[in-house]
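These are the structures, in structure tokens.
Shared between the two complexes below is chain A, which pairs with chain B and chain C, respectively.
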Partner chain A sequence: MPWVNPSTKLQNALPLKTHPAVFVPAAWPAEPAGVPILYIFPPSKQAITSVDAECVKYQAFLAFSNYKHTIQECHEPGMSPSGQLPFLIASDGRILTGRQIVEEVKNTAGDLESRLTDVERADLTSFTLLAETKLDFALLFTLWYDNRIRDTVTFPMYEALYPWPLNKILSRQIRAEKTEWMLSRKSVLKRDEILSDAKQALAALSTLLGSQLFFFGSKASFLDAVVFSYLHVILSQLALPGADVPLREAVMRHDNLVQYCRRVFNTFFALT
Partner chain B sequence: MSALDNPGDAAAFELFTWGPAYNLPSFDPFCLASIAYLQWSEVRWMVNECNNAAVSPRGELPMLRDGLLEPVVGTAKIIAHLKKKGHDLDQHLSATQVAECLAYTSLVEEKLYEALLFSWWLEAQNVMKSTRPTIAKSLRGWAGMRIPTQLQQKAEARLKKYRKVAYKGKETNEIYVLAREWYAALANKLGNQQYFFGDRPSSLDAVVFGHLALHCIPSLAEPTLFSILTFEFPTLHAYCDRLRTELFTAPLRQSPNHRPSYILTDMLRSPLTYARSLLDKLSGSVTVPAKEMKPKERRDQLVTIGSTVGAIAVFLGYVFYNGIVEIDTGEWQDGEKHNEE
Partner chain C sequence: MDSQPPLPEMHQPPPSASAAVIDDAAYFRQNEARRLTDLVTSSQSRPLHVHSIRIDGITHTRSTLVEQLVSPILQSETLGDVIAESREACQRLNRLGVFRDVAVTLDTPPRGVEAGGAAGVGRELVDVVLTVKEGPRFYARTGADFSNYDTTTNITTKISNALGGGEYLEANASYAVQPGVALNESAAAFASETGSYFQLLASKPLLPTPRFRRANRADPEARIEVAAYNTNRNAQLHQSHDEQTKGLAVRYKTADPYYGNHEFAYDVAWRHLHNIAADASGSIRKDAGHTLKSALSHSFTRDHRDDPMLPTQGTYVRVREELAGLGGDVQFAKGEAEGQYIRNLGHGFTLSSTLRAGLLMPLPNSTKPIRVNDRFVLGGPNSVRGFAQSGVGPVDKKDSLGGTAYYALGLSLFAPLPRLADKPIKAHFFANAGSLLPSTISTSTTIATPTPTTPATQFSTLLSSPPSVSAGVGLAVRFSILRLELNYCLPLVARAGDRMAGGLQFGVGVSYM
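And now, the complex of A and B:
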């Protein structure tokens, strides 16, 4: 019989008695149901796509991959592990965000991009990042720093979520956060510069799309989800009666992008 | 001695950059990209390592000054300006390739740059042992104590959202996983070609070189990016090495407008550099561009400067030694006494 250190023996003996826990919160959601749940920022009335581009991106990606899931509305980004909506509760109860969602969907519902060559895959990554940086920045800037959009779209959107006076405070807090985020990327925020960046990006995407059904041939990919999300939010959210929003005008100038956006929406999101 | 005194210099472009480090002409990837573009476009240009973002109207470097026009700030704008002036490296690209060029440029400038920032400013070992001391040395003087802190704070604000994830059984930061993906995209795009779009450099090559050259520095305390590049993407590493030798065969031409700073710390830290910059300014030798000076001329010039300094020193020594001039300290004490009364 091997010699056992008495201090180890003592440690193994402890604790002498274990009491049952006083309170255990119920597993949430109530049971890890077989169906994964995607938590998204609430959509506007009469629509099933969220008003937030990041959420639309994953909604579209899940729809493209035919991934079975239900949707839950949620306006508290703090609920997500990454602090940013959306997040997905997988069928086994894991909580996933961002890239993890993409990996999970690829593993369970099949990889949309498996047919692409290495060079096409490289293009896919670079164009995805082009849209995610340039279009995202322009959209964010327009939402918070275009006076008409801010007063008629953005502030009402966030203020509707909380009671007065909390809504006034929280919406301004969100604006301060977004401003800080933008300033950490650009030292000077100039409307013309941000817009011309977005215009270049749109022109590049329009060239890549050409007259194809999707960006890489006849099947959708992650890039399609990304571009669709921004185009859809720009075209639907920034539509003001009797006023031109420069970013929306810039999108409208590319006929194939507008047609593409309409086609994707009708195929995957039209209410039947 | 302003640039306008010499008609040749008036036509030249002047690029204001952050200073050299790690055997490269600048420690800032955006400055490096602009330098690479200018080198390839074969224009007359000179570099001004001003190390002071306050010279630019937007508080950013690099800045390009083209004669008396308003200065152009930022790599993208500098490249656009040079294209407008007829120095277009992207002429041979098709419409699709122009779109690709833009996409890869944004990948490098927005995303790979974040990986560099992370490795330089959020890895405690690197900050303490490598980046902070190296950049402080390159900046010299007061700026060297102030600017690294600013850079670090900026990087921290920008990289807040990256989390730790598990990768191949090890815990690592998300950004290194993503960086692998981005490198893979670049490596696949490059393939076996000499440059990204065939056998002629384009603006994308300038941007990629500017950033990747700083990614593959082996002397960091924690060279994670360097090891990823060398072991997993050897083509990119070879590409960087090749471009580095191709671009910087001759020393860059220094601007005559580069003024020595008169801060005491500068004199104390590197008296030689300081004295040389002062002498250059006085003797007016800077109008001869460094690139075109032959070794013999350089030696002659050094002899001239040396003999002048020697003669002055001997004269002063003689004067003091023989008591022709005396510094009288007695008067000063009298003054003090007078004050006490």
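And now, the complex of A and C:
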């Protein structure tokens, strides 16, 4: 016979009248249940691809994998459990970021890389790493340290999100964070060195691509998502009328990469 | 004797209910005091002019300022004037907040003065000597405070009379920890820090130009303040987030013990909702990020209770209005009111009744939703007892979402305890009721379509929906700066979703229903 706290007994014995809840929270996400949602940094007006390379990367990966989902815009990285956009709300309500998204998509929509040989897998890993370090770094550096880009593209992009004077503070704060991140990778930020690293990476990627449809034959892989995201952002965001942005020029030199980027965009992200 | 100016009327404290027995010595002293008063009263209209004012003991305060404050004494024509104006001058000096002690002495001027006086022979002259003592200029205090869910350590340093005109600079820092959570919750996900607070404040008295025969009461005590602050608030326990606020505020404050205190403020606050818990509800997650609130507010407080912590009679009124949306991205109008009426039933019994209500409206052409950090919360040992802290009203999963309209009622009977009738400890019987509603009422899981609400419809919904009710019995103890309560609570009516805290509930705080 378990001992029952007399206080609990008394509480249970007395009548408690319960009314229905005053408020049932709207299901979140407020979408048809079961459809996963990818939260991305807002796109520019003309496109459905985000202006943020990391978000484009996952948009592309989901599109390549034919993973059924919807897109929501969000400019608060704080909403994401990792503090970074994008994040995915899976059909069962789990909130996933980064690698977890890749795993989730592989498990539900099939593995894009299952047909690759071991050599190709090794290439995929090393070229992904190459793009995610060299191209990412060069893009970040150009966005925050190319004065024209910074003043006409990057700052306005962030400043549009918040009211004055908070927008001035926050955009500078983001720049400080990015600078700190870059300095944690390189002790000195040299424009020429960063650019030549990117050029080498672009040359290597151009060679790997050759005249193929995708990097590993006729089907897209995660590497395609990665490279497309950087190329697309570089080509679309860094286009300044009447000014040459070195990183963009470096991409433009590789015809096959430009064609590739255009083709992927038209196939997967063209507005219908 | 008839044309004498009336002495400034003083606000007498209400006569004590228990008249003390007056012994012989006290009777004699009282008699003597009355005799002196009579003497002064009877000679009030005696013509008397002030020859000079001397102020002793000023070191840091600007002498021009002090001179201006006491100058009306010079216009005195009778003894009554001299006394009344000196008293008023002392009060004015006290309002500066820099003197620890102000005393007045009337003195005869040195011989030969009346002969040389050009204004007229035969005039009687007097010297007024004001002896003041300046308080310490530098002040520091450390302390510990307690409230329901945390303990706070704080430090205050203050430089008073910084520029010689009663201005002060103050820095406050406090840091709160949550010992209960740290000890009881096995999940280390809760940081034990519940918040920190830092404020830099500069305050300056606003002094009206003193005029002869004008009572100080006519101009309420006023100060203007500029403050910069930074607060961190941990709302993980009930709302799954942390909030950091950095702000600048300008406040104009007036204080009048009888007519009440007003505060007009303009506040710009940068709020950052961050550190959303992994299992936070979507309603909280949606509100993550930065917002800028720019708001005008006014609050009025009038406290006529005999003891704010455990009163036996009096009334208390507090009203606050806030309008956010002059710039920034937060737009709302908010009003909140609280009234308390306490009646002494005799024999140590006290009946206290409290009503609180609040309404929060988005501005007419605003598209921004009202966020969790602007909404009201209800429930807990200091409001509707018998429910958990913020436990009444809308919830999503485990998070209290807060609401945009609420009311709460409290009725408490305090009874003396046997053998402890003269101690600040009372038996406490209470009944509380309260209701907190969201702006959109949805009773199904489909997406709520926000219907335009007016204050009238919000209030009618509020009043027509049944409140959460609890009752109970316990002990209430007054300490110098706070009240402790230990109650056995029984929730009687609740809504699905309300977090109840039946059984023993412990309350610490300064403001109760």
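Rule of thumb we're sticking to: the second predicted complex is superposed on the first by the 241 of 272 C-alpha atoms of A that agree within 3 Å, B and C clash if a C-alpha of one lies under 4 Å from a C-alpha of the other, contacts with A are read in each partner's own complex, and residues count from 1 in each chain.
Everything that follows uses one rule, which is that a contact is a pair of C-beta atoms (placed from the backbone, for glycine too) under 8 Å apart; a residue touches a chain by one contact, two chains touch by 3 or more.
All values reported here derive from a predicted model rather than from experimental measurement.
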| item | value |
| --- | --- |
| Touching partner for A:208 - first (chain B), second (chain C), both, neither | first |
| Which of chain B and chain C A:134 touches, first, second, both or neither | first |
| Touched partner set for A:4, first chain B, second chain C, both or neither | neither |
| Contacts of A:200 with chain B and chain C, given as first, second, both or neither | first |
| Chain B versus chain C as contact partner of A:185, first or second or both or neither | first |
| Contacts of A:164 with chain B and chain C, given as first, second, both or neither | second |
| Touched partner set for A:19, first chain B, second chain C, both or neither | second |
| Chain B and chain C footprints on chain A, overlapping residues | 81 |
| Chain A - residues contacting chain B, complex | 81-84, 99, 118-119, 121-123, 125-127, 129-130, 133-134, 180, 184-185, 187-188, 200-201, 203-205, 207-208 |
| Residue ranges of chain C in contact with chain A within the complex | 270, 272-274, 276, 278, 281-283, 285-286, 288-290, 292, 327-329, 393-396, 401, 403, 435-438, 440-448, 465-466, 488, 490-497, 502-504 |
| Complex interface listing, chain A residues touching chain C | 7-8, 11, 14-30, 75-76, 78-79, 81, 162-164, 166, 169-170 |
| Residue ranges of chain B in contact with chain A within the complex | 58-60, 95-96, 98-100, 102-104, 106-107, 110-111, 154, 157-158, 161, 163, 174, 178, 181-182, 184-189, 191 |
